[in-house]
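Same chain, two partners: chain A is paired with chain B first, then with chain C.
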Partner chain A sequence: MEDTLVSPPDIQIARGNNEIASVVGLNVWLRRARQESHILKDVDLKIGKGEIVALVGESGSGKSVLGMTLLGLLPKSSRPRIEGEVSILGSKITSISQKELQGLRRHSLSAIFQDPMSSLNPSMKIASQMKEVTKELDRALFALRQVAIKEPESVLGRYPFELSGGQRQRVMIAMALAKEPALIVADEPTTALDVSVQAQILYLIKQLRADFGTGFLFVTHDLGVAAEIADTVVVLLAGRVLEKGPTKEILSFPAHPYTKELIASRLTMDQDQSLRLRTNPKDQFAGFSSDGCPYANRCENALDLCLVEFPGVSMVQDNWTIACHNPSPSPKAVAVEIKTMERRSDLDWNKKVVLEAIAIEKSFQSRTSRSGSRQVLTNVDLTLHQGEVVSLVGESGSGKSTFLRILAGLEKESSGTIIRHDDTMPKMVFQDSGSSLTPWLSVRELLKEALSSKTLSKAEIAKEVEDVAAKVDLSTQVLNSRAASLSGGQRQRVAIARCVISPPSVLLCDEPTSALDASLVAGALNLLLSLSESLEMAMVFVTHDLAVARYVSSRIMVMLGGRVVESGDSNEVCSNPLHPYTRMLLDSLPGERRGNSPQEALGRQPDISGVDNELSAVGCAFANRCPNAIEICRTTTPVATYISSNRYAACHLVKGGTK
Partner chain B sequence: MSGSFFFIKFILRRIAAAVVIVLGLTAVLFFLQSISHSNPVHAMLGAGATPSAIAAEKVKLGLDHPVFVQYFNYLYGLIHGNLGMSYRTRRPVASDLATYLPATLELAFYSLLLAVVLGLLLGVLSAGEFRGTGVLRAILIAGASTPQFLLAIGGLLIFYGKLNLLPATGRIGIANPPSGPTGFYTIDGILNGNFGVTIDAFKYLLLPSFSVAIGPAVSIGRVLRGSLIEAISLYFVKTANSKGLSRVRVLTVHALRNSLGPALSMTGLQAGLMFAGVVVIEDVFAWPGIGYYTAQSIPSGDFPAIAGVTLVLGVGYVIINTIVDLAQLFADPRLRHLEMANVKTKKPLLGLSANQG
Partner chain C sequence: MTTLAPALSKRGAIQSIRWDRHKIAVLALAAVTLVALLAPVLAPYNPLVPVDQPFMVPFGAAHLLGTDSVGRDVLSRVLYGVRSSWLSAIAVISFGVLLGGTIGMIAGVSGSKIDSILMRITDGFLAFPGPVLAIAVVASLGASLLHTLIAVAIVWWPFYARIVRAEARAIMSRPHIEAAKTFGVGYFRLALRHVLPGVVPAVIVTASLDVGNLVIALSGLSFLGLGAPAPSPELGAMAARNLQYLLQQWWVCVMPALAIAVMAIISNFAGDALRDFGSRGQ
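So, the complex of A and B:
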């Protein structure tokens, strides 16, 4: 499993020499919630010319703060206090003047931020924004061509809102590159993008550093992305560097228990579906110990010493260090075997149908197009059996969330029929569960509220609340605390508990794990699956992550441009995709080595011609991007072709019959 | 995308809105008049008028007709540019307004200008955490929390009564000031080469316009500060910082323009409220504007005069909000894009603010 994380052998850049940035003994304090908190602790880091250093960590690990410190852009409102040394190209940015710092940023430092929607000024044309970096138009055009922007001249005359997400991120990168900086701080630059666009952007960044020798500090929470792009990985937890060294070695043979957990909790395409996901056997919601090793509370190897004293740095190999008192006995990276989870595909068809959606269509009144309406869903069918889990996957804008909202009754279909074979309405778990809970109510009140439609006595209500809390593993302490004081993982559990306190026959999940840290995803998925089994609850799972879809569901429906382009058993869809679009999605998964040989993996070059997610208006929506497209694909929309009773694809090149 | 087509449509819609507002306002006024006990003819003819004389005068004024007929007669006159005769001054309301309106407009214009400038200063300085902003904020907020008339009277006591720096009442202290072409003494003075008039007019303007402006200034400044602080935390401002731009450029070019929307909405709202403030302040400073005119018309039940003033205020409100909306379109290209699309798809558009979300 760990093998799949290793990046293809690509351009090796000599490390260590030509140092462009160095951080020595860095401590940063920021004021948060009226308290000064110690965000970064004794961080050491070096970035060489043309080196990509990935800074990996969970939310709250301080990785973005480190990036901002390098840029000298810590928000003034949080009264930053910095100790230690940060030097870029030899100048110590902690002691130089504001003017000098601005000069450094003007000439040698750049940044790329996460959300391409918000990192460009919405009311300035691209040309004016580029001009702030380079006065010469030629250079702006050159930079735009470097990032494979189609028709750069016309892009210059547009506003950011007139560009797609991928194009905006390219413009952002072009802007960062135009001054040919020595160092670019990239803070989660691909997190908000579709996997297909992410693959293009990662490829682009690798090319650019090879061409220009730019160094990158690449902040990411995704080990797969780090594996794909970085020369060096730095693992950060609660402001401490726990492990640091060459990507390939660290990801193949992680030395620190925390790195091991990070890698083990990553869901991959090889995950055995008959097994529960491995979770941290210690309390996964345990906080960080502040004195000793921040991981001590969650670490299986923890010694008494770990709780009181942060370990010194020890060398594993050249350029590879860890900070751990007791790294040797590796945690059992074996999944806990369970027997209840059966394979479902042949069994489910005999169970009763709980929900049917027939020929669902949806169009929205458009504000920007002349025609006045925009077709979001076309002829989508779904039959859901009791206890069955179906995943909807696809890029953003494919209509998967709209379909889910229609199933939930939150949105009205334009045409088609929804048949609910049962009295209960489906319930929905949202992506951002934090904001779906009223912050000043206690968890107990929130759960009671979800019951209020029933006529129950006080004692019965209290009992129901206790029962559901036990089911989703919420302690009494959590029950009594307010929603605002919970961690992200706990909030997600409360959101799930609210849905199942009076169990629906269908649970709809909209990207329920994409806002969670990697170490919490496994727990959340295990919980959803065990609830689905014990309550015989069917689930529809919307996700952009094929590895998650493959693991949780028996059936996957792949959506593109409002249509289902492929459907079938989840294993078959993932191992033997019929539609070229599905294949492209699979190929874009970061850190997964598709294809059989390393050569094939190396030769995998995403199309960076700047087509992005453009859908073809007539014919197959994928025709623009499809490597196999033939004449008919551009003129006629393909209909579903069945290769077996429950496996089909809408592609002109797939041979088979109609239903 | 044709911009001029869009703007013509936009302006036409606003004119249509103004017509609807005028119809509504006059209808409400006629209704109020019909249920009020005021008897303008009695006031006109004096206490000793005979019932027959009163009846004759009523016929002459058309007041003997049912209220609907009166209303349609009024509208008919309105279409022909006739606002009727004032019962009190016995002159056409239109010419009365021409006399009193410029004074009010001048006061309102400078008050609004002052409110916007102070609001901008307050917003930008306090969001940028520049030195000394606290003092400015304290003074402005203290000013805003004082009732306007008290502020005006306080100002008079200090700057006129104690220090004798500024004049107390009226619009100008110079005899025979220029009577055209704009009706604004401050501008007419310059146009006629008589700078003494301009300076004197400003002296008279200072106290009343401050009294009117401080409240709106604080409202505008607070909204601006809020949206600026929000904008500063957004990524495109971080991007601008990462380009190595100066603090002032980041704050003005990047943050300010993207935070103008709410402040502009607030300005439109405050401009409407400001007219109400001007009426009170004109009374305190004996400013010869429409506030003063209205204050005299109400006791004598001078219905045509009151209706004329109301119409002017209503139309003025539409004009100010149109200007504010155009300014918002100018500041935000996304809004422009959305609005143009709306016009094209023939979606009913009632004011831009509904589309801002």
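So, the complex of A and C:
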């Protein structure tokens, strides 16, 4: 576990000298909902030349506010009050004039945001947007080449919507770099991207800071990403810095109990599938006194002192500090000892089949050209047994969500057959559970209408609702409140309860954890798995995260360009991928480089040639990106090659037979 | 970025002041409605018969707004005028909301063919020129408030059909509708519980803005002689008939005009206020 989170020690940057930004005793108050709240508390931070500082924390921890403070971009409307010192290249941005601040931003500061689509002007071509920063077209072209974008000349002539997500983010980075700033604030720059593109972008950022000596403040919620990219990690909770120090040391030997929990709750490839995930038993949202440690209520080491007084900063090593009264006794970072009812990979193939999808194809009428239609699914088969969990993984655009929507009956297949063996429609847990709940209805009403049997009496209905609420751990108070007023975790549980109040034989989950904070993911997965077992529901689980797929499912189907390119037992697919595409997905997982030697890790660096996830039009869809591609890959689409009765890959290089 | 979004979406600094101004606007809307309803109680004199000397100056002890050319109390006539304009406006809007809203909901929720047919019919009505239709109706049926209202209502409801349909379409494309469908929620319940509550705020805002528009439109028609016939206290007609006294006995003409302006302004402010409350709630 410790080994997997360590980043390759590539470019050694001298810390301390050549300081670009320093934050000393920073306190920030913002007005929200007509109340002033203390967002950042006594934050100290230094960013050196060419250093990447990762700011890690849950949503609401104040990490974005810190980034905005460094940029001098806190919204005026929230009437920010800043105490303490923020200096960038020696000038204190809290005391300089607006004009000087603008000058500083123009020449030495840049920002990269999460969603490049909304940060780029949709009505301007890339060329004119880049010229605002670079003045000359030549320099814009040069900047695009720096970020290894393919065909930079043609990209310049396009609008943002004509580019892929990865290309857009590259353009944003190119714009940020064009003026050769001293500091770039990157706020979750890879969260909206596919893992494979994310790996490319992270590698690119590391290269660029080495070439230009740019300092980065890298805001992220993902420890894996931080491990991959950062020299220094700063752990933030409720506006307080709890731990700060060199990435390798912190992630291998976390000193603060909160950091330990963050690391322990990460779902990794080594997670034992027969055990439940570890969740923090204490209520995360219990209020805490603003003077105490924000983690005190959840902390297993908490002393009485922790509740009332925030601990002073103490040194662990050089450049490594924590703020904790009682760091020593380490909580057991192990899975809760609840065995699942069966080891899920020992699935009984003789169990009855609940759902069959045979040769599903789907094409959408193209809007731009009259003649063409876009093929999104080609010949997808799926047989689902009672109680079985199957994961569909793949990059965005691979057709996995479309397939799920067809199974749910939300989309009509163009050809192929779906056989639902017990005639009930599958239920679906949507990706963003918040928006799948009608905001003005009460939870009770939402649950009631999901009951499939319409012949129940009032009392029976009420009882069903109470029962399902108990199953997913929702209080009566939650039942009576409107969907819009719930927290993220509650919404997720309501969405799940709505599906299981009349248990379907098949539950479809579309990225059910991707919108959740890391601390809630484990609870949601535990809940889904225990329901699937107790109700004998089969589940189809769409995810882009192979670690999640491996943990929840017995079978993984890897999709690419609307086809299933690999399928098999989840452990086998993850430990011994047959298709080079699966291998690439596994290698792209941040913080999951299993090669321990730096050379090996570096040898697996992603290709940054800017191909992104472009698909080949003829032949194997992966041929463009495949390191092993041979002539036939570019001309003929491979068919499924079986190496055992339930394990196959669609690759010309895999030897085996047809079914 | 996510943490900053709520802060950016609010206007912060001026928020607390707006709050109070907004409250006042909505209270004023309620007050005008109350005045309209209670006009018979509030009016000191019978508005239809002469009660004193003609052209008594306003702000006197007996007649707050003076008397008109035949000695009728201007205050009483204005109060009754407010009553008739305001209640007529609300009646036309209620009709519009009911008919237009129903058609808009059916079109928005069902989509496709039914949507196209209903909306083309709506467009047909939208194409009628309002004043011309009013003149035609009154010319053929005779001058009466009811006839004017019928004419206005015919051209007014399509706006509501369009608004409700647009809002319903927008809500229908949201994920929670798709989710509800997967749980087997029927169309009727879908429209009533999952779509309608989301449409209501927009309709309330539009309606309260619209009261002012209608007051002006109806007064305009009555100014042209297309409202209730002579003795009845209509604000537009009062302003029109007493225009000749504007330079000497200005109050007879100005007071009803002022009442129209006040109603229009209050309705506008209240509409703005309700819109802001709505956007804050979401």
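By definition in this document, the second predicted complex is superposed on the first by the 637 of 659 C-alpha atoms of A that agree within 3 Å, B and C clash if a C-alpha of one lies under 4 Å from a C-alpha of the other, contacts with A are read in each partner's own complex, and residues count from 1 in each chain.
Keep in mind that, in the parts below, contacts are C-beta pairs under 8 Å (C-beta built on N, C-alpha and C of every residue); 3 or more make two chains touch, one makes a residue touch a chain.
Quick caveat, the model's predicted, so the values are computed rather than measured.
In the superposition on chain A, A:62 contacts chain C only, with no contact to chain B. By the touch criterion defined above, A:122 reaches chain B but does not reach chain C. In the superposition on chain A, A:472 contacts neither chain B nor chain C. Contacts of A:430 after superposition: chain C is touched, whereas chain B is not reached. When the shared chain is aligned, chain B comes close enough to touch A:109, but chain C does not. Shared-chain residue A:528: touches no atom of chain B or chain C.
When the shared chain is aligned, chain B and chain C each come close enough to touch A:75. When the shared chain is aligned, chain C comes close enough to touch A:441, but chain B does not. After overlaying the two complexes on the shared chain, residue contacts for A:186 are found with neither chain B nor chain C.
Once the two complexes are overlaid on chain A, the chain A residues touched by chain B in the first and by chain C in the second are 75-77, 113-115.
Interface of chain A with chain C (complex): residues 30-34, 59-60, 62-65, 68, 75-79, 113-115, 187-188, 408-410, 425, 427-428, 430, 432, 435-441, 445, 449-450, 452, 495, 498. Residue ranges on chain A touching chain B, taken from their complex, read 71, 73, 75-77, 98, 102-107, 109-111, 113-115, 118-124, 132-133, 159, 161-162, 172, 175, 185, 365-370, 372. Residues 129, 233-236, 238-247, 253-254, 257-258, 331-334, 337-338, 341-342, 344-345, 347 of chain B are the ones that touch chain A when the two sit in their complex. Within the complex formed with chain A, the residues of chain C that make contact are 1-4, 6-8, 10-13, 15-16, 174-185, 189, 193-194, 197-198.
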